[in-house]
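One structure coming up, written as structure tokens, with questions to follow.
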Amino acid sequence: MITSFDDLLPLLPLLIATATAVIAMVTVGIRRNYLLTAAIVIIGLILTSFVAAVMMPYTNQQITPLLIVDQYSLFFVVVCCIAATFVAILSFPYFFSLDDEREEYYLMLTVAVIGAIVMVSSNHFISALLGLETLSMSLYGMVAYPLHSKESAKYPLEASVKYLVLSGVATGFIVFGMSLIYAQTGSLAFSDLTSDAAQMNSLGENYTVVALLMIVAGMAFKLSLAPFHVWTPDVYEGSPLPATTFLATVGKAAMFVVLLRFVTISNALEFESVVTVFSLIAVASILAGNLLALLQDNIKRILAYSSIAHMGYLLIAIIAGQGTISNEAITYYLLAYVIMTLGAFAITSVVSSSEKEFDSIMDYTGLFWRNPWLSASFIAMLLSLAGIPLTVGFIGKFYIFMSGVESGLWGLLIALVIGSGIGLYYYLRIVYRMLLPVEEGLKYRIAGIESITAYGVISILVFLLLLFGIYPAPLMSLIESVSSVI
Amino acid sequence: MASIPVEHGLILAALLFALGLIGVLTRRNIVFVLMSLEVMLNASGLAFIVAASRWGHAEGQVMFLMILTLAAAEVAVGLGLIIQMYRRFHTVDINVLSQMKG
Amino acid sequence: MLDLIWLLPTFPLLGFLSLVLTSGNLPKKAVAVIGAGSIGMSFLVAAIIAAQFIASGDDYFVIEVWTWMSVGEFSPGFAFYLDGLSLVMMLIISGVGFLIHLYSTGFMLDDPSYSRFFSYMNLFVASMLMLVLADNLVLLYLGWEGVGLCSYLLIGFWYENPANGYAARKAFITTRVGDTSMAIGLFLLFTQLGTLNIQDMLHAAETQWPVGSGLAVAASLLLLGGAVGKSAQLPLQTWLPDAMAGPTPISALIHAATMVTAGVYLIARTHILFELAPNVQLLVAWIGLITLLMAGFTAMTQHDIKRILAYSTVSQIGYMFLGLGVGAYSASVFHLMTHAFFKALLFLGAGTVILSLHHEHDIFKMGGKRKQLPIAFASFLIGSLALAAFPFTSGYFSKDEILIGALEMDGPGIWLWAGGVLGAFFTGIYSFRLVFVVFFGESKAHHDEKEVAGFSMATPLIILMVLALFGGLISIPVDSVFNHGGEHEEHHISALMHGIMIVVPLLGIGVSYLFYMSKTFSIENLMSSSLAKSLHKFWFSGWGMDALYQFLFVNPFLFLARINKNDLIDSFYSGIVALTRTANGLVARAQTGQLRWYVMTVIGGVVLIVCLGVLL
Amino acid sequence: MILAVLISVLFVGGVLAWLSENLDPSFPKVVALTTMLISVAIMLTLLGESDSEWVASLNAQWIPRFGISFHLAADGLSTLLILLTGFLGVIAIGAAWDEINDRSGFFYFNLLWTLAGVVGVFTALDLFLFFFFWEVMLIPMYFMIAIWGHENKNYAAMKFFIFTQVTGMLMLISILMLAYFHYIQFGWLSFDYFDLLNVSTSGTVSMWMMLGFFAAFATKLPSMPFHSWLPDAHSQAPTAGSVILAGVLLKTGAYGLIRFAVPLFPEASMQFAPVAMTLAVLSILYCAKVAFAQTDIKRLIAYTSVSHMGFVMLGIYAWNEQALQGAVMTMLAHGLSAAALFMLAGGLQHRIHTRDMTHMGGFWAKVPRMSFAVLFFSIAALGMPGLGNFVGEFLALLGAFQASIPLTVAAAFGLIFASVYSLWVIQKVFHGEYRNSDFDDSHLSDLSRREMVYVASMMFGLVWMGMYPQSFLDMSEATIQGLLTATESITSMAQN
């Protein structure tokens, strides 16, 4: 099928990423060196994102029915790769002192990124499934990674098993849904879902709807939307911080891009029932997420729950699909979400290590007075998650509101307001903890020389957070052009 | 030759799928849970075959192969975890994996 | 010179400021000089201005110092309006005020917060002058509230005793009720007539409102509310007796001579408005009459020397209201003046008694003090004579005019007259009951105190005695203010009536002589019957008005406040919080950590949405 | 341009104050004070320009995608309120001078940033920008309460934040709807005040939008039934916090009503006016009553603030010249009197470490100057003629009387209640026998010289407003005239 170099060129990022994985593997095979592997992977990822960024303006090409490489996919390739790079950088100090083989972790990270790249550039069920599974498979590994180590901080095993079984079920639903669609339409491309062919030799509309909803359910699980959210907190808490970070950022973002393409290309929203179901899911996620986080004391779980809520917010924009700016809204909010989640987890992982994770809000009592810079960044991230101005989170929320208003989704907007209202409470709980006077007897792992880079990451994230929050105009115009292609 | 109507095939697949689900739900032994997962996936594989035969092109079969590999990979990872689990807890009852809650 | 009229309130104000800013660091001499001196200055100015004004022969004189606020067509100024009425008032205030200040320099001499006292006093005089000189109702309201404030501060002057604080608050809040009604009246007048400048307003009212029009009634009623509040008339009279908690000079200045007569001034000032609402004007008369009788009864039953005087004040102001009600404005103002003289005299005398007897208030613990306290005795004698309208004392002329005014009014006039005469009878009784009990008979206690009456205290008393005796001969230049509506026909008052009006007070005095002097009749017999006892109790309590208000207003308010201390509405929000927490409990229950339960939820979810999808 | 400079001076000064703490713990207050004085100087330059139209206007592209611009300008009304902000800023720093000793750097940072936000709110003419500043005010305030507050600070700060934030989001929805309507009617998105004024809305939609604004502003004002955050915030906040809160933050709500809620939706506001005025009267009476029942002196003053702001809302929705001028005057006067009372109450708490009035009594003998000051400001608060509050409340009622007689009469009872609670405080704390049974009065000293300067300046301000309010009325007159004519034309068009 692939014939010419012109067809290969757009796949360059994918190829580079894959090459990175291979090279890393080989080096590991030759000689185990933590620093080296990390370096290779990081460089590879940066390279990928750079190439993708360069290609972005020119490329808009369908390669085989499976992959579409356009500005939008490249944009998210960049996002995912940079996010992954940050995760890699953060992982370095975290696994530095792991009493086990540490290099393979980076392999899985890279493979996961490959999966993500495939997902964001897929407009076909097969490629979507392929990417999704590649991502998930390696995530199982990343989640379970430190399970050999005697004093691994958490319950990676439990987390991994839960994740494996549940997402297996979810995959099952997706695949079965696909098969039904295929039986219905005879094609696995998103675009043919509601095409005339489908109507022509139809087994009945309900049939399509059922199939659709099965797929939606599967995706909703991966995005941990209510009522498929129950796994989220356990997996987040159980897995090592960098893995959680990756799962929460790249995993979610890639999956959401698939959902977006799927919904927009296949006009699934033509079915009233689908819209209704989406709305219910959105409201449920917003309320459930925020309510669950309300009295939670474990920061990882809080962020897990809040991610549920945030996915709910994003779903509002999906439902507003007909609006002119809903795609931009989703794109901007996804970016914002990646930035602030990364930031929040980054700070948590700077004070943590594979032996001891400081993930209870009690551990942060008085942090503001002993490490102002770190906790100031944390406060910035939390306020951004709460959608307070000066931060990218606010602009994101502004977008969501705008798209909601445009399509007159008043009910969902009210849910959004209520949700954010509840949300304030638990974000401020953490903030307040940090503002309390210092309690003695709280020992932080003093971030060693290896975390300098981690601090760098945090600084960059804070900078982006404020930049896109205060002067979002350039990013907006970029996103406007990028998301026009869908 | 008079082929089997698509619906029948799909219904069969659906039944298999449901069986798999029930298995996942009811078994406490994680090995059986994994097997039930297999069943679910293969059920959808079957559905693909049926659909392919309806349209008479290869995509379906390709998809089936993919699902097989996918399932295999899933199980591979799963079994690895099971071994670890057994080492830790000397049991394969999934109820032991419930330290995290709330 | 006339345009220096703004100096009048300015001197006391400066006195106030200098005393406050030095905050009690001045020697008492200096305080006395500033305190009394400032009033003296403004009296001088007042006198000169008065002379010039009368010489000039104009009807009135206006000067606007600056525009206070100007919003749309609403632009009251800091403007002073001088005519016969305000002339008289300003002379009384500054004159009597000066005498009382002079007296106070001696009276308060050993009080630690001497300068605080005088600062308040000066502030009071300033606002009072503002009140009577204001040319618009807003400025008048400023003075009106100002005097109320000072009265509050001075009643509660000895703040250590909570009772004083209570009396002070009672006074302020009760009058404030009246003030609020007055304020609403101002809003009404402005919205209807488009101005609050008194003269323009009255003129506009005359031209726009027919006699008896509803608006006129409403407006005058609202103003009347303010008047009865300040002047302690029914139904807001209850605060004045308690107000005696303040130092005696205060009672003399504020609660006898000047502030309490502000209501009279207000009605006199806006009498045109009242004439547009005849029923309201009649109501004024009746209020006056009833108040003066009730107060008379109560005054006969009191033991506290100051409370007796307080009730007598209430009842004398009742006379003034009666006069206003029957249209005898100049008579009322005249009575206002004479009353200022003799009531100030009485209070200052009482002050001397109290000071000399170490703050003894109960008249039945005194007795036979005429040798011991000659000056006080003299002042009381003369004061009571004037109060009881003994022929050819000042009180006699003024009260006479009022009663004649009542008589001249047709319709209910005769009844009002009869009531007034009856009141005069009581006045005779209670005023001389006081004199006889305190200064005659055998001395019961305090045998060897000497009279405390230095020069500074004696002089004012003597001057006031003169005024109380001969003040009736003064003729006040208020005709130009009141006789606008042409001459109303002279009734001929028969000699008989005159006779009655002369005799009745004497009868009163005689009765109290028989009871308290010669003991021909004894109170004991009178009090023996249970009816008499309960009556006495009822009158003594001031006709149970306090209890009534306590029951009607105070208790309900306190009750409401108590039951809703922490804000009902807040509990609504607490409810929302509780709701959220329960919701959290519910959803959190789903997070069991049991893998199979999780699978269950997932499958359940799928089934749910698929069913929804198919059914919808 | 001036305004941008002013705001940035405050922002930068805040950062400097924070940094300067590392050099020496005593620097921040000095830095903050100098910053504040500089900005006051800048503010005064606004006076130079004519108040009749928009001065110091600055309009720069910000987010072209949504037609959002960085549009600042000040007219008479804004200038007045900015000056109030500056004045009270200095006062607040004075209030904090001795009270805040630990982490003073971060404290002054928050103080100055709040003020920057407030100035922004008073001058923003782009609704997005307005909302932006509206939120920026909150966070530093939250920190001030949450860090330097008293025993129950977490609850208070949280409550304050959530109340204002949630209602703020409702306002955001309204703003977006308005912008969207502009898009439909004119074909391009704009958040500019003057563009949005042209959007013709009507019917239930505009009512809903208006309510969105109203919710936010009524919460900030605050008015029944959104007031219950205020007592907690005030009783817990540090003195400087209360001063800013009572003196300035509450005024942003009233400002919003005058500037946005009514002019943007004249008809809806007209229909809504009776309800709003009723709410105002309810706040006046209800909160006066609740205030009387309080034993915590700061809670009491907080409730009285709600009661007094009721007059402001009454005046605003009566919407005629006297009423509006009255509202503005009340805002200014209450800004001073309430701030002063909170400052004195805070000083008292700083001295004796209790706010419970049942433990106090007879302080006059101990602290005559402070007692006199409290007396003065309570008297001002209960509307004594000759002081600012009287002018404001009298005008407000005078105007309201033309709009609705029964409501005005009801509101007038507030004057009586005001005297009841004010005198009750005086009696409870300063009169009566001196009692110090339940607290250590070793630090109960009279006003220091510096405190006296602040108090005196505020007294002077109130007397000025009371005796010659014209100098303030003139400034706001042009604005109010403009608003009146604009709304009249629209509403009359609607009627025809």
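So that you can tell them apart, the chains are marked A, B, C and D in the order they are listed, and the count of residues begins at 1 in each.
In this section, a contact is a pair of C-beta atoms (placed from the backbone, for glycine too) under 8 Å apart; a residue touches a chain by one contact, two chains touch by 3 or more.
These numbers were taken from a predicted model, which means no experiment stands behind them.
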Quick check: more C-beta contact pairs at B-C or at A-C?
A-C
Of all chains shown, the one whose Cα mean is least distant from the combined Cα mean is D
Whole-Å distance, chain B centre to chain C centre, using C-alpha means?
96
Determine the centre-to-centre distance between chain A and chain C, using the mean Cα coordinates as centres, and give it in whole Å.
78
Measure off the straight-line distance from the CA centroid of chain A to the CA centroid of chain B, and report it in whole Å.
26
Dist(centroid_CA(chain B), centroid_CA(chain D)) in Å evaluates to 65
Contacts with two or more other chains, residues of chain A listed in rising order:
161-162, 165, 169, 233-234
Which parts of chain D, given as residue numbers and ranges, touch two or more other chains?
none
Among the residues of chain C, which ones contact at least 2 other chains?
588, 591, 593, 595, 599, 603
Which stretch or stretches of chain D touch chain A in the complex?
61-66, 103, 131-132, 135-136, 138-139, 142-143, 146-147, 154, 157-158, 161-162, 165-166, 169-170, 172-173, 176-177, 180
Sort out for me which residues of chain D touch chain C in the complex.
159, 224-225, 227-228, 231, 289-290, 292-294, 321-322, 325, 362, 364-365, 368-369, 372, 379, 384-386, 390-391, 394-395, 397-398, 401-402, 408-409, 412-413, 415-416, 419-420, 423-424, 427, 430-434, 467-470, 473, 477
Contacting residues of chain C [partner chain B, same complex]:
588, 591-596, 599-600, 603
List the residues on chain A that touch chain B in their complex, please.
126, 129-130, 133, 137, 140-141, 144, 147-148, 155, 157-162, 164-165, 168-169, 171-172, 175-176, 178-180, 182-183, 186-188, 203, 233-234, 237-238, 296, 301
Per the contact definition, I'd like the list of chain B residues that touch chain C in the complex.
21, 24-26, 28, 94-95, 97-102
